[in-house]
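One structure is given below, encoded as structure tokens.
Letters A, B, C and D name the chains as they come in the text, with residue numbers starting at 1 for each one.
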Amino acid sequence: MDNDEIDRILEKNIPKSMLQRGRTTVDSLLSPVRDVLNRRQFPDKALTDLQLEIMLQLLSSLDTDKDPEAARVGEREARIASPFIGQLSAGFNHGVGRSGQLVAPQPKAPGSSLMQQVANNVALDAIRKLGLSNMKSGIVTPLSTGMSISLILSALRREQGIKHVLFPRIDHASPHRAIAFAGLEETVIPTIINGDAVQADLGNLEKRIKNAEYCAVLATTTFFPPRESDPVKEIARLCAENATPLVINNAYGVQSEKTMGEIRSAADAGRVDAVVQSSDKNFLAPVGGSVIVSPSGAFIEQVTETYAGRASAAPIVQTLAALLAIGLDKYKNLRQQQTENLAFLSDRMHELADKFGQRVLSVWNPVACAITIDGVDAKELGARLYNARVTGPRAVEKGESGSSCDGYPHSYLVMNAAIGASRNDMETATAKLAAEWGQLQPK
Amino acid sequence: MDNDEIDRILEKNIPKSMLQRGRTTVDSLLSPVRDVLNRRQFPDKALTDLQLEIMLQLLSSLDTDKDPEAARVGEREARIASPFIGQLSAGFNHGVGRSGQLVAPQPKAPGSSLMQQVANNVALDAIRKLGLSNMKSGIVTPLSTGMSISLILSALRREQGIKHVLFPRIDHASPHRAIAFAGLEETVIPTIINGDAVQADLGNLEKRIKNAEYCAVLATTTFFPPRESDPVKEIARLCAENATPLVINNAYGVQSEKTMGEIRSAADAGRVDAVVQSSDKNFLAPVGGSVIVSPSGAFIEQVTETYAGRASAAPIVQTLAALLAIGLDKYKNLRQQQTENLAFLSDRMHELADKFGQRVLSVWNPVACAITIDGVDAKELGARLYNARVTGPRAVEKGESGSSCDGYPHSYLVMNAAIGASRNDMETATAKLAAEWGQLQPK
Amino acid sequence: MDNDEIDRILEKNIPKSMLQRGRTTVDSLLSPVRDVLNRRQFPDKALTDLQLEIMLQLLSSLDTDKDPEAARVGEREARIASPFIGQLSAGFNHGVGRSGQLVAPQPKAPGSSLMQQVANNVALDAIRKLGLSNMKSGIVTPLSTGMSISLILSALRREQGIKHVLFPRIDHASPHRAIAFAGLEETVIPTIINGDAVQADLGNLEKRIKNAEYCAVLATTTFFPPRESDPVKEIARLCAENATPLVINNAYGVQSEKTMGEIRSAADAGRVDAVVQSSDKNFLAPVGGSVIVSPSGAFIEQVTETYAGRASAAPIVQTLAALLAIGLDKYKNLRQQQTENLAFLSDRMHELADKFGQRVLSVWNPVACAITIDGVDAKELGARLYNARVTGPRAVEKGESGSSCDGYPHSYLVMNAAIGASRNDMETATAKLAAEWGQLQPK
Amino acid sequence: MDNDEIDRILEKNIPKSMLQRGRTTVDSLLSPVRDVLNRRQFPDKALTDLQLEIMLQLLSSLDTDKDPEAARVGEREARIASPFIGQLSAGFNHGVGRSGQLVAPQPKAPGSSLMQQVANNVALDAIRKLGLSNMKSGIVTPLSTGMSISLILSALRREQGIKHVLFPRIDHASPHRAIAFAGLEETVIPTIINGDAVQADLGNLEKRIKNAEYCAVLATTTFFPPRESDPVKEIARLCAENATPLVINNAYGVQSEKTMGEIRSAADAGRVDAVVQSSDKNFLAPVGGSVIVSPSGAFIEQVTETYAGRASAAPIVQTLAALLAIGLDKYKNLRQQQTENLAFLSDRMHELADKFGQRVLSVWNPVACAITIDGVDAKELGARLYNARVTGPRAVEKGESGSSCDGYPHSYLVMNAAIGASRNDMETATAKLAAEWGQLQPK
């Protein structure tokens, strides 16, 4: 409804000053929504839930399945089995994408097409403002980081003839699956142990890059200690020198200013084809989407042309809404809190180390802290913490897989102070760790 | 809360007969929910929206992000940016799957794990009851048909060394992308024109199967006329004889008893590795999910191990809810309506053919009907229908791509009477076609 | 947002024809909403739930509690304890009314003020179109029929000096309470038994009207058999002749064309001050609101000035939404179904009467049918039906209260075929009646 | 579903430790819900929105309109026009109450009956814990304070023969309407001006109480300055001595510990029949409900028997939910904030007084602060603040009504620091006041 019409409706019935006041309220309420749709930026100030709801309703109302007069003779018409099903999709029943292009506008769904474009723009702007100012293009994918990496690698195979992927070792199943899904060979580059830290072996990687043809590198910025972030700047330089594509798995690195700074330097100093970040781990969206950014608009376009067919709109909608529900100001606060929580967690870990005669591992990690648990039954400690309702700790037994290297000389336990966690999470988790640990018999 | 407790609460305050009556109501209301969770079957009778809402709330309440006492120290903890974001996911913030297995239970998310298992079981049961009684295993994927085909093909590559795919021609971008995504080579098998129909060239396909190594076949049951369904029974026999995997793209074939019967015969008579169906086109869910079924449980397991990482729970939840919101009885009614609508559409098309001096194409198709529009500007007619709010018709100019063959001798227009469409859709669309057509000048 | 702005936003990103299509959809979707707000009429065609949701959101967004920039220094500012609380009120947190006037616009709440005006207009229009075309003014009250009658009577006391109320006997507690609440004396006019029917004693009433000063009459159109409707036309004539106010309790009479016709004739032929109808029983809204209409606009204004203070917006919103969710066309269908259901119920009751040696009472009633159950334990039969999940039957023992007369010569059981009931309700209820009855021992 | 059943369902599919973990989460999530239903107390800790939603869904699922097997043959069966209408009522479609009793259990609606009882108990407990520990009984009414006072007065008339009401003057329309609605005469007791304050004239009131028969007193604790609270302790003593009922309008006094302390002392020292408090102004519920408490259970029962018929469940549900969404701990925090905000507001008012050569009125008020605006056009200043989006200030011109006395010697402006307001509200409102005031010309 346009504003004149609202005026006319109001005018008939209620005093003029009230009319003006009602209009002022609506204008003010919708102003951030307009801004998002017009400017497509990551806003400084968060939108409220009411504003988000109105925005999504406005957008989904543009799709033809909402048209009361439409005659529907397609094989797919976004029909839904009951009204509740339509609530589950926030009205975006047509999904996103077209057969050959993940971001192509769909004639039957102008609203979801627009929503997707807004999501892409807002996400890119967020990533730029949060550190990667040298990225030129970006998309929100309806896939988590693992499958998003696969999507990127598949695009590299098709467009640049890549056949295998050099992968500094990370003990995580997803990247292996991602490489395999795209039909590529994988070469795991062994890590080195440097003090407490497990690090990429840059020399080995360099040798491989120089000797291999048709290869790409998959580097990682965020993983559990004792694994440290890959030195992306140095890797990007090597890749530039050897015309080797570089994909950076920045799963939960957006929350770390330092990590983002390193990736920015990498893209300035060398070659970076794409950077992938999780929308749930960085932006507090439900699991299911990622943000892929690149210094190259053309490459992002190739990526979108790699996806086969259409996709659920849900991960896109959820990521967009989460970004807008935070905004830049609050994101900075969350980062600040994260930093404080990590410092607090580290202090507590040192206290526990003193108490139990262990050591906090000397490993740089943007969100996690690890303590040795030598002589402790890691599996039992993990199980006890699970039952004590501590979610997310990672207890690794010496000699077992998980340390991203062979022969790591300690058992250890990792806890994270990730973005969105509270001080209370840290306090409770470390208190429960102390309590459970205290009840364990030495092996 | 258990029933005794509900009794105790009620007893204190309201007369005993009312207590009994309240319990009767709750029991009766929840009984279909219990049945779904216990038996995991496609129910005869649809669940109501209230029942669906309660069921999903119950399930999502099992996930640890709902635990008020949990201490969260993982790098992913299903935190959400605002309450509205949690509504967008129906509370399944942890998504589904684990790093290496799409259907592995997640310790942090017992509820979403259970929901996914229920979805897989209900979907398999639905497919079995709707015609493919010889399928042994099935999953709901968080991917549309295109990407689901890619997932299957990638599993075939990894597990059976498949390197290329024989694909009886369909003029549709998604399958090509799907094959390419998985890093496979594609061999398009040209079609033949038989009367009005465009059909798979079985002889050519047979020759190729016999001569090729490491190949799989991708057959299609549902596409636009003049393309007819592939003869899946014959193809399955060929595949069995040659130990060649067969994937059937049954995008919207569940609605057709005949199509389902042919696939069942194919699996009985020969080799079928997997059958893929769209959850939106067959089950009136929002776009985003598929149901993959197979006569082999082991193969489905391989497919789930091909997915890289975790995924959005939304397509799974939406598919499960849509299946339950329909149920077998109503699905049969919908099929009946679909058959009637198609007959009605065909009648109207014949009337239009008489009026405009054209012909209805003599092509078998489970949901669509095509009329020649020789001498008409197909593009303009399509644009006019779009503006007249007819969604989904397909107007193809003679000589242009889209007919799944070279040199198809007609321009034609296709309309569908798909499941969920109303008689009114058919009436309005054909009336508008008549009106718009009447206003066109001959070229 | 105005339309030009939507155009500008869309134009930047998606093809122009899609832009136009999106606009067409939105226009078509919102058109009935516009109509309701502009014309304030009971629409022929029902609004969809999506349209209702958008309308209410638009209206509640005009209230100042939605203004992000407002500085709130009142003692009441429509603050809410949590977002969920705001959902419970559909955003109308300010309620309706002002201290001295139930329908006065509230400066802080232009939206709820407007919503209330629209509700009043739509409800009046509905009542007029459904039979009372001679009504001039109407309001939706946030009170059920009992309290609404009290409100009217209190206005009559204040404005016209009424001191007592003549009330043809109905065995129902609410009207007594209503009269007492307003501080008025009550004179119950005994009924007469005429065949099976219990009827108002018009002669007695006339005598009382002529002899009493400062009295008003409260007549009733809908009650359980054997009580028949009061002859409102004759009563209205008597009231006109004697300058006596007449209030008609038309609790659930809107569904009956005949009852509405009689009230219309009454207002044409004599004096009717106000007619009260339940919004739940007539319009399928949740319990809590009523519609009061009058041939006199001035009287309705007096009624609104009788209410003390502000009120919950919920009953108004629910009544408005229910009216729009039905619309005239569907209301006519519902009436048609009601008539058929009543005929069906009556047939079944006759069958049961034959079977059990009883009689169907010969009493006119717009929705109910009664069968004698002489010799049966009414209380036990009622309890059995309650436990058998038949809701709403009324079993009255000869000699007990409930027949609106003294000494009614039968025990009997009443069932209703009210608007919104299904054929299945009738079938199941009568089948269960037969079954339970059959198991009863004669007393 | 009972716990054993949940166990059985989970056991089949997911590892046992996950099963246990899921159960732990659900138990912990539901524990506060159980507590509310079992103990019916105002909890220390707030319930989350998810817990509230689950609780209301559980309760409304007990009502017979949710029974899939019920056969419905009543004239009222809580049918709803569309699913959206049922959302508007949170599923409590049957409303509350029975014909003659506002809190009687309804056989068709065990759930809403229970909900209402829980609401009454929780509200009474809240009022007791927040200061009125000597209250014995309480109810939540579906009426705002004005109509709730009417309900109480009507009960006093019926049960105790009250005919008129002594009312220390308050310039507010609602109480007058409330007295008139119940058919009672009103005697306004003039106030006295004492310094800046306008106070009840206790001597005059005493004289009237002694001389009048069949009278009750309506005293007020919260109103705008310069009116101060009535001295309820002294009034209660007078009432006890003269066997005169006393009703206290404590509209928004729950937020003030001092006010609550005075009422408690009054009930200890003298006679208090009922105390009425607004659920929106005290508990941040949407407008529409009140909490009536009394030291006498019998009197509350009489009040419930005064209401005519049934009522909307919405105000009860909203009040219950708001109480639980706050809880005692948070309420104490809100009170603390309110006290700080009022001190801050007062400071700012003093600064403005200095700046503009005016005075802050020396009047005790629990939430409000008033500044003289002598020589200023009060109406214009009020209009300017309205347009500047300051809601709730009250500007009164010398000589005009509103000061609850004749001849108050100042123009003045009132602002409130009510519960739930933010520091920012105070800052912005006073800054805007300074700005608007600065632009006014002296009269």
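What to note about this one:
Operating definition for what follows: a contact is a pair of C-beta atoms (placed from the backbone, for glycine too) under 8 Å apart; a residue touches a chain by one contact, two chains touch by 3 or more.
The structure presented is a predicted model; accordingly, all values stated were derived computationally and were not measured.
At the far end from chain A, in terms of centres built from Cα atoms, lies C.
Remark: among chain pairs A-D and A-B, A-B carries the greater number of C-beta contacts.
Note: centroid distance chain A to chain C, computed from Cα atoms, is 54 Å. Mean C-alpha position of chain A lies 46 Å from that of chain D. Between chain A and chain B, the centres computed from C-alpha atoms are 29 Å apart. Looking at chain B, residues 17, 21, 24, 49, 53, 64, 67, 69-70, 83, 107, 386, 389 sit in touch with two or more other chains. Across the interface of their complex, chain A is touched by residues 1-5, 8-10, 13-15, 17-19, 21-26, 28-30, 33-34, 37-38, 48-50, 53-54, 57-58, 61-64, 66-70, 83, 91, 105, 107, 110-111, 113-114, 117 of chain C.
For chain D in complex with chain C, the touching residues are 49, 52-53, 64, 67, 69-86, 88-90, 92-95, 98-100, 107-108, 142-147, 149-151, 154, 157-158, 172-178, 180-184, 222, 224, 251-252, 278, 280-281, 283-289, 305-315, 317-318, 321-323, 325-326, 345, 367-368, 386, 389-393, 415-418, 420-421, 424-429, 432. Those residues of chain B whose C-beta lies close enough to touch chain C in the complex are 17, 20-21, 24, 83, 383, 386-387, 389.
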